[in-house]
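Chains: A, B, C and D, in written order; residue numbering restarts at 1 for each.
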Amino acid sequence: MNLFNPGAVFGVVGGDFRQAALAKGLSEGGYPVRVFCIERPPQFLPSQLCCENLDGLSGCDAVVLPLPVSNDDRLLNAPLNTACVPLSDLFSRCRSDALLFGGKVSPAQQRLAQQFGHTIHDYLEREEMAVLNAVPTAEGAVNLAMNERASTLWESRCLVTGFGRCAKALAVLLKGFGARVTVAARREGDLAFARTLGLQTIPLRQLQEVLPQQEIVFNTIPAPVLTRPLLEQLQPECLIIDLASRPGGVDFEAAGELGLKTIWALSLPGKVAPITAGGIIRDTVLHMMADLAGSCPPSPILSK
Amino acid sequence: MNLFNPGAVFGVVGGDFRQAALAKGLSEGGYPVRVFCIERPPQFLPSQLCCENLDGLSGCDAVVLPLPVSNDDRLLNAPLNTACVPLSDLFSRCRSDALLFGGKVSPAQQRLAQQFGHTIHDYLEREEMAVLNAVPTAEGAVNLAMNERASTLWESRCLVTGFGRCAKALAVLLKGFGARVTVAARREGDLAFARTLGLQTIPLRQLQEVLPQQEIVFNTIPAPVLTRPLLEQLQPECLIIDLASRPGGVDFEAAGELGLKTIWALSLPGKVAPITAGGIIRDTVLHMMADLAGSCPPSPILSK
Amino acid sequence: MNLFNPGAVFGVVGGDFRQAALAKGLSEGGYPVRVFCIERPPQFLPSQLCCENLDGLSGCDAVVLPLPVSNDDRLLNAPLNTACVPLSDLFSRCRSDALLFGGKVSPAQQRLAQQFGHTIHDYLEREEMAVLNAVPTAEGAVNLAMNERASTLWESRCLVTGFGRCAKALAVLLKGFGARVTVAARREGDLAFARTLGLQTIPLRQLQEVLPQQEIVFNTIPAPVLTRPLLEQLQPECLIIDLASRPGGVDFEAAGELGLKTIWALSLPGKVAPITAGGIIRDTVLHMMADLAGSCPPSPILSK
Amino acid sequence: MNLFNPGAVFGVVGGDFRQAALAKGLSEGGYPVRVFCIERPPQFLPSQLCCENLDGLSGCDAVVLPLPVSNDDRLLNAPLNTACVPLSDLFSRCRSDALLFGGKVSPAQQRLAQQFGHTIHDYLEREEMAVLNAVPTAEGAVNLAMNERASTLWESRCLVTGFGRCAKALAVLLKGFGARVTVAARREGDLAFARTLGLQTIPLRQLQEVLPQQEIVFNTIPAPVLTRPLLEQLQPECLIIDLASRPGGVDFEAAGELGLKTIWALSLPGKVAPITAGGIIRDTVLHMMADLAGSCPPSPILSK
């Protein structure tokens, strides 16, 4: 089902395999797609979606920039491209009525776009993007744990700290393995929800009570949760996987000194499941376009 | 684990089986408990927890009123009592330093309490209370469906409208039966979360597309969702269970004229699982007391 | 997909709502169906499937008798019929080349059929019939427990004795509720399988160790498992649901004397979900016909 | 709980990490353990369980040989040992009243043991061993799929051929990921059981109908199931994981020619989860000893 003008042309610009998957997904959804700044595409990208010259951007009604748009606020994030592409080159070539989308848009990037008369709509801020990305994050975390360990997840004792979106997906997945999952969270509402899902729970302030018996600790809280005194409660063979964004939640130095194997796993969706992650970006961008259209004068070709 | 001063005396006042279960649960948790306005207790209430004269309220450090506190803002909700008890009689007997708790406290009830120098802390407003109550609500809904139908829930096509707490618990439970569950919700974030749980989804505005094939519709949205034109899309043998609080979400008149069996199931926790519901109130009140204690001068006997 | 000659005419004879659902299901599957000995059909039976005179049996290629075929080896089991119909009347009217199916066929019934040149193929002996019937049995057991109790199944401690088909379906369903399920079985292979499903296990010979903490006991073993000494280990408010066929697995007399609420729930599929149960009979009979056809000279119209 | 004479001394001989985990597990269970032919133990083996001279075998009441006992019917399977050890050297040193256990015991190995007056009890033939080993097999298969793919298992279309123990564990695990699982099996009873678990099913003879839409195919049938004509139905990016023992179920040559990525994954438990696999051997051997004890004159120290 097309949520947008079926004739709208998408420009997919730069990024990694996720962008390539996004281009493929839009094309399979029936949208005309043009690809830019992906000179070395992955095999799964249909050959007719070949990378073209930036001048073609003027033919695009919607332009989807990568996640993140840029690593230095100046050059496009384009690991599959040979040439470096300044953001300003892109923005100057987009039509003034084109819709621009990007992930993790910094204020500096937004300001730059505005100098060219554009607004970048940030798909990373959408609720469904965060919710859906929790799935590849959880799968990636589980995969890391399996690769590192010599035991099954089944009947293993796993601790999940935090109970946001990723923690929920992870805890439910681990339970599907038959792991013995304990959720540690601060808020009573979160602990209650974990309880309704059949998970063991412990208030975060009592974390030390359950640490000695854990085999794997998955942290999702981006704050100093696993401090040295708490790490000292863990068995030496316990594996720690930190999924929290900077600064992370583990005292990595202390963990190292204690001989605890610790993995800081960031940005898992793009690493372990770029095709799925690209599909999630596609779905999210289409929802955003439908919402934007909804606030415009009604259009007969929108299904909304 | 006692979250509160272990010597604190609880007064449990009025209400139905939930209050009796609350009294039992507090007593089993090691708290001294005194019972009021439950002259005809259920069998499960230990005989030593016998109902006493209201004068005993002055010996209570914490007083837990029922859910709701009153049906008319004047008399205590006390279906297990013979005598009618004015709220003012209660409030006048509570010590000025006692903590008062109640469920679904109306502004008029709060004002009355304040005339006697009290504040009623409303446990129904706590997140964990709502989250945990979703479980008996879901079980009650499933039980209703089983009692009404001549087919299994397994392989039945079930629609759940809305995706708040009750809907989540219900959809997950139905999936555990092997039902074919579709969730209809308005927000993309909710639809995404349902998708991560392996549920089918449909945007609420496209509800009509999935109605003809449903065998059971569970509504959880307290707004006119199932209007006559939509009800006309249902098969005549489809069962409708409306879990939404007033005004409900079903055009009951139209449903009746269309010959659709419709059940408006309100306040299920207290009806189908009063013992569990009483335990949920107990847990919630203890959390509230811990929170209140946390904002007081530190006390050495609190575990917090 | 028709597994049998699409032109084959089915005769559905006697029985309860299951037979009516079977007739409806076959008709919806595209088979010509004729109905006998169901003078007071349930509402869900399409009106064109009206009950006809026994003479019509001669027009049927396959005749499906009810489960059980008869309660006294002489008269047809036909609770929805006014007149009593001797089995011999049926058998004499069936064509000699017709296929006869029936449920729980006794040797006496088989002998009687053979006097008329027929063999009754017993669908109750088929593996898929037993496997699928476990689902309505499990749902019925859960429904009984919900109707009898004032607590949720969620977080309740449930014991399942035995681990055959019904016990498996029941234990998995209870786990879906968030119950704390323990499986007691004799064979190590069964206990191991329960463990792989994330269930607690106990060898049957150590049953007494777990009895005191149970809230519900579901027995599926048709042998004296819950003897008086074991029943004495249960708490008085424990609910016992015996799903085992005669002689059952509970010392009912002792249970009564101990004040234990005990329900002997037999033949649940036909009682709680006759429509599903009829569908299961339909699927099973169609499989049997395909198997019978497979051993005959090949027929081009069979999909096998 | 010790199922056997608590004073019994175990000898754990040769093998890989599984045997080391077995030794550790028995020791943690309170049994005296002596270790042989593991000169390079893994780090998790407690240092007091050091490898000793074969002469110590005469002090063992039960001797557990590895899985397999030998790869050539002559030398012990001992990859963690430097020296090669003839089986005859072992058998000659075991006491005549010692119980011998081994995995996948060949007739030649059994004959050799008998020449020394011993019988090797094969733990691989025990039902619980096969049932429990299905779990690490399923986890290993899932791990392989995750490592090979760039998409989530969530919402992926997975086919499982066969429905024995490994297939059951795998299908249920995949469903826990939110995969769209189809089970293909020959027997109606197996298909029915899969259906009760909420899985899609297809008779094996109709396999070709579902092949084009699959993303991963897991075969568990040790017979030529995925022949060239069927492989040609798969999409080129479909991943095939063959879990079937020799000769496997895939025409590997045809798969290679068709450019289909195929992994033949044998003996996964020992590879992906040797610690768990060793624990499973321990549990199984203890059950076997309890059974053997049960047929002997009663012993007061047995818990049975």
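Note that contacts are C-beta pairs under 8 Å (C-beta built on N, C-alpha and C of every residue); 3 or more make two chains touch, one makes a residue touch a chain.
Heads up on the chains, UniProt names are A, B, C, D = Dipicolinate synthase subunit DpsA.
Just so you know, these numbers come straight off a predicted model, no measurement behind them.
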item	value
Chain B to chain D, fewest steps along touching chains	1
Longest centre-to-centre distance from chain B, chain (CA-based)	D
Rounded Å distance between chain C and chain D, as computed from the means of their C-alpha atoms	36
Inter-chain centre distance, chain A versus chain C - centres from mean C-alpha coordinates, in Å	49
For chain D, residues contacting two or more additional chains	135, 154-155, 175, 178, 195-197
Touch-based graph of the chains, sorted into line, ring, star, complete or other	complete
Residue ranges of chain D touching chain C (in the complex, touch as defined)	126-128, 130-132, 134-135, 169, 172, 187-189, 191-193, 195-197, 205, 284, 287, 304
Chain C partner contacts - residues on chain A that touch it in the complex	154-155, 175, 178, 195-198
List of chain B residues in touch with chain C within their complex	17, 44, 135-136, 139, 142-143, 146-147, 149-155, 173, 175-178, 237, 272-276
